[in-house]
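You will see two complexes here that share chain A, one where it goes with chain B and one where it goes with chain C.
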Partner chain A sequence: MSHLSRFTSYKHESAIFPTTPQRVWLAILIVAAILLPLFLVSLVDGRSWLILFATAFVAAIGAIGLNIITGFAGQVSLGQAFFIGVGAYTATALGSPAVLAADGSVELIGFDLPMVIWLPAAGLVAALAGVIIAPIAFRLEGLYLALVTLGLVFVGAHVFRNWTALTGGVGRGREAATLSAFGYRFDLDSQVLGFNITREQQIYWLMLVFLVVMAILAKNLIRSKDGRAFAAIRDRGVAAELMGVNPTKYKTLAFAISSFYAGITGALLFTITGFIEPTSFSLLLSIAYIAMVVIGGLASIAGSIMGALFIILLPKLIDLVFLGDAIDLVMGWIPGLGSESGEPPLTSAQIERILFGVLIIAFLIVEPLGLYGIWIRIRNYWKAFPFSY
Partner chain B sequence: MRTTLLGEALPDAGWNGSGPLVEVDDIHLSFEGVKAVDGVSFQVSNHELFAIIGPNGAGKTSIFNCLSGVYRPQGGAIRFLGNSIINTKPWKIASMGMARTFQNIELFPNMTVLDNLMLGRHSSLSYGFVSAMVRVGKAERIEAENREVVEAIIQFLELELVRKSYVAMLPYGIQKRVELGRALAMSPKLLLLDEPAAGMNTEETEDMARFITDIKRELGIGMILVEHDMRVVMDLADTVLAIDFGKPIAIGKPREIQENEDVINAYLGKPHAVVETHMESNL
Partner chain C sequence: MISSSLDVVVTFGAFSIETSRFLQAVIEGISLAGIYTLIAIGFVIIYKSTQVLSFAQPALLIMGAYLASYVSITLGFGFWVGIAVAILLSGFVGYLTERAVLRPMVGKPVFAVAILTIGLDIAIRVIVGDLIGVNIRAIGTSTSEGFGAPSLPWGSTPLRFGDLAGVGGVVIQPRVFAIVFTATVAVVALVVFFNRTRWGLAMRGSSFDQEVALAQGVNVGRVASLAWIIGGSLAGVAGVLAATSFTGLSQSSYLIALKALPVVVVGGLDSIGGAIVGALIIGLAESFTSTYQARYVPWLGDNFSQVVPYLVMVIVLIFRPYGIFGTKEVERI
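Our next item is the complex of A and B:
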């Protein structure tokens, strides 16, 4: 147990992962995550599993961002989809080539810059959007703030739909930024040291690296002065201010960093499929991120990652559970839902949405600490094993 | 084990300037028709323990809230370290060196004792968020240095056993002590104590009185104490101001206040006179 560990300095004790078991388990987890694609690629639908994991890693970055503003700083934001959109279009405008119309005029803006420019730029532009909106947003709190950020999603959706020079417009969309760094293409199959590496494996590893880096940065932030200030504002705003915390400054900072993370997610998310459709940034996307944070665990970086993995892998899991006829069989039990025509009464996408809702409600009632809370309980059980306490 | 004196651990606590630490000049605060503070004046100097007493609802906490910037009095002036702070934001007043504890504990319940105290160091932690996120060099070093300061406070307040506990799980008396610790962590020049002994048993009250005496001796900072436990007030205070219905009744040495007819009548709910507490009348 941690308090039995011996530390020789405060620096050592306040390290990011202070105890040896923590470090060992984390190392095992990371090694397993690195090795996973080597096994997955041999499965029949291995490619789609790899893509799903890569998507989950990218989503986890956005979930960490949302958790910083909502879980740590206590400001409910429904605007994540907007900031993801800002990041996505900043990245694609900077990172993909311009498309010219027949008459030579620019049909789609594009600068074809490398990833080292479009990726940080996507984060920074989203953060800037956050800083601009923050002063308006933080005159309000709680439900009102949620509504303002909700409005942001609708404004964003409208702009993305109609700014066709940037987004290509509804039904047409445009290509996402190119995943290349220093001349190396991550989005093409390649050979490294005689091994064949598929596009999906490369994307998986790249996104894993981004997630690990962003998670460590976030973890450092929340155990610093700024993280304590966020929690103080969340728990007791007036007392925090009387302890010298400038609430406007720290709420804005939390909003900006959260938006930065969302921007990075937006930039990376669509490079996986290679295509952006302007209707992607709807309220449903924001709700998916809220679900990740609530189900994973509020105010927990590890929880954000668990939540993202859970939500992104959920459709695949539903498909596994409700295979073919099984879906009819289950639905047949519910009066009024059984289908006569032989068509499945609910598609897996519909089941997914229903499950989102049910899971959010269930977690809020039964396990407010989320998957992270469940993990802590399991861990504590084994720590004390074979005793109950 | 280190035995750092509080004064060594908090070199930036206290004030070296001349003149009074804080001057309150004829402040008026009303909420609609209710006059919460009605013409109160006093000043507190370095090393002085100034007590404010009065029946419930007399306006003691309102005076604290005016001092720390939560309320803005409609009339009068407040100068802290020689600067007017009537329009200054609470967090700025706090970072100037005014620390306080609260009548009803206002700790951060989801944080450990250690983190609560580290939050008290907030204004002394001079690194930016980028440095915090990368956490090499500067942020790491500043965190470790301030952890030493916080550890000295933990040792002073005998909180070693609970430093990693979440404050929501601690008993009331300990929470009161953590709150005092958090205020000390701010390296205060002026410390406002709002009923530090409220709801405590005799031993806890004695402990608290001992801590306050030690803080006064080791840091030499000015303190304003609001307290209902008259033994604490009479034993610790250098000067006592008695107020009722927001108006000052008497100001003077503890013994004078104890024997003052008007103060006794105020506590008994009898009619009494109101004095003009101009600055000169204080000490």
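Our next item is the complex of A and C:
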């Protein structure tokens, strides 16, 4: 690494934020993120922007989780949608009240417990599911985790569709857990010290806090012994084993942590909209998370956050830069695309999915370090400016 | 034809199995297995020659089926032109994939290449899905009966055994013969190709050791291209055959290619013989589940048979992690 010379000791180099500029910039970024809602709320569509940012923060937690298993430990997981589903339903079963049918029998399971219980429980149950599946996926080297988790997504989707006492069933769904802690409701407008605070602002700040906590935990994990073991397994499994790293143990650990993060994401994600539909947990959701990780940057925590922001804000970005029109223009020559003449060939949801695919391919080939890698290059360019290196 | 009922009812405790129902399930299973074999061999050939697990097969499959439907019915060229175009173009897209997208990734980590094929799959699948639209499409030669009932070269008269009223009898749709025939021809042709031709030898060589093959003058790049052409064409054929069923071609037809991944795992990732055995195991397990599960274990839910392949895969991974015919990997540092 080019910046090695800046460090005077190993302890210094392995610090969580090793340099002063890094710490200063991080502080500025966090302060800006905290102040953003005060500005956004005055915009016409400020509420939808706040909700999008809050969604992106929650998605970033799941993306960090996927990056721990895929980016750091080098095991492809297609199962993020399943673990998000497990988290979502654990949270809603524990955190929302039971619904009784007319004859007094339980129609929807619910325990109405507070957030301090359902949030960690969602993570832990998802992690437990990960630990149960890990021995099957990690008996062999290679891409078996991708295959097992692919099956898991389909089996999970089947269970979510059919276990109506938990999920409400297809077309009905159920309400998500309530966002309240110690009697304080985050999902209602309120007044604090005479200031009016909207529901959206509160959700934004709450999710930002969760993201910062989870990101710092992950950053700490990857600089620890366990984090280095993950990287060793990714780079050369057999060599890692010879150095005393037990691959099965560390892959299982990485997968459990990754599932924990996905569980937390699942628990929080649906509290924003307040509703869970059992068909949400499809392979497409897993692919969206893979896109976040690849576009943001494999093996980078900051990259995962950038990737999640990028993917969640993608519909807005498509509108802003007329990307949709450009893609329509490119695809327009294919006969039969689009249902009726005069209509644009592709809907915005389809354009989004095509971009998932195209950007995954483009980033893997051209910029494997993702948005994070682009940022590093821009930073290094300006650091040495006006010299090229 | 026999006019009396074929039924012999075998009873084990609470379970009773009528032979006709049982045989019908076997036939459905074999028909599924034929399609799975075609897809699975594509996976195996690509995996053996390039060490890539292609998650793009579903896209190639549904694209082949769509092209066949478009050429044969929308353009009205008939079944044979349709299937020829499907084979050629899905093979060509396989080739393009290898050249444009996978060649730059040579030497990159395996997991990155797998993710790349996932990206490719979703991009192609969205476009083909939009082309298919919300309606079910068919493949074949248009007839006077209209768009929905095209004629297929093997006709539509099923073979019936036993009670013709449908109770206690067995019905074999002609497409089952077409599927089994195609799968057999494909397997035999590939075995001959691998064992008797120069390119087959080159492919075997480079799957054994790429660098040694390279040193012997094998054009490893072309071998990879060829593997993707074969893999793409097989997916295209499988797509066409799958779409000749009653359910036709819809946006979700690609799922069958994902169910072929468990087939490959059950048989062993690097074995063509294993792919056939795996296809039979998964195909039969799936058809038996769809025949009997609703009656005996209804609480498992509708369409439970669709997840059976994945459950079989998990069981096999627990007891025989390398699959039934897979070779144990030996790794060097």
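Here is the rule we use: the second predicted complex is superposed on the first by the 348 of 389 C-alpha atoms of A that agree within 3 Å, B and C clash if a C-alpha of one lies under 4 Å from a C-alpha of the other, contacts with A are read in each partner's own complex, and residues count from 1 in each chain.
The definition used in the following text is that a contact is a pair of C-beta atoms (placed from the backbone, for glycine too) under 8 Å apart; a residue touches a chain by one contact, two chains touch by 3 or more.
Keep in mind that this is a model prediction, so the values were computed, not measured.
When the two complexes are overlaid on chain A, chain B and chain C sit side by side with no clash.
Applying the stated contact rule after C-alpha superposition, one finds that A:A101 touches neither chain B nor chain C.
Once the two complexes are laid over each other on the shared chain, residue contacts for A:V44 go to neither chain B nor chain C. In the superposition on chain A, A:L221 makes contact with chain B only, not with chain C. In the superposition on chain A, contact of A:L193 is made with neither chain B nor chain C. By the document's definition of touching, of the two partners only chain C reaches A:L298; chain B does not.
Contact with both chain B and chain C is seen for A:V238 once the two complexes are overlaid on the shared chain.
Partner contacting the larger number of chain A residues, of chain B and chain C: C. In the superposed model, the angle subtended at the C-alpha centre of chain A by the C-alpha centres of chain B and chain C comes to 80 degrees, rounded to the nearest 10.
Contacts of A:N246 after superposition on the shared chain: chain B is touched, whereas chain C is not.
Of the two partner chains placed by superposition, only chain B is touched by A:S9; chain C is not.
Judged by the touch definition given at the top, the superposed model places A:L320 against neither chain B nor chain C. Put simply, the nearest alpha carbons of chain B and chain C end up 7 Å apart when the two models share chain A. In the superposition on chain A, the residues of chain A contacted by chain B and by chain C overlap at 236, 238-239, 242.
Across the complex, chain A is touched by residues 68-70, 89-92, 94-95, 99-100, 102, 106-111, 115, 118-120, 122-123, 125, 127, 129, 132-135, 139-140, 143-144, 147-148, 151, 164, 182, 186 of chain B. Touching chain A in their complex are the following residues of chain C: 53, 55, 70, 74, 101, 104-105, 108-112, 114-116, 118-124, 126-127, 129-131, 133, 258, 261-262, 265, 300-304, 306-307, 309-311, 313-314, 317-318, 321-322, 329, 331-333.
Residues 3, 9-11, 14, 16, 217-218, 220-221, 224-229, 231-232, 235-236, 238-247, 253, 257, 299 of chain A touch chain B in their complex. Only residues 70, 74-76, 78, 136-137, 139-144, 146-148, 150-152, 154-155, 158-159, 161-162, 234, 236-239, 242, 284, 287, 290-291, 294, 298, 331, 334, 336-339, 345-346, 350, 353-354, 356-361, 364-365, 368 of chain A touch chain C when the two sit together in their complex.
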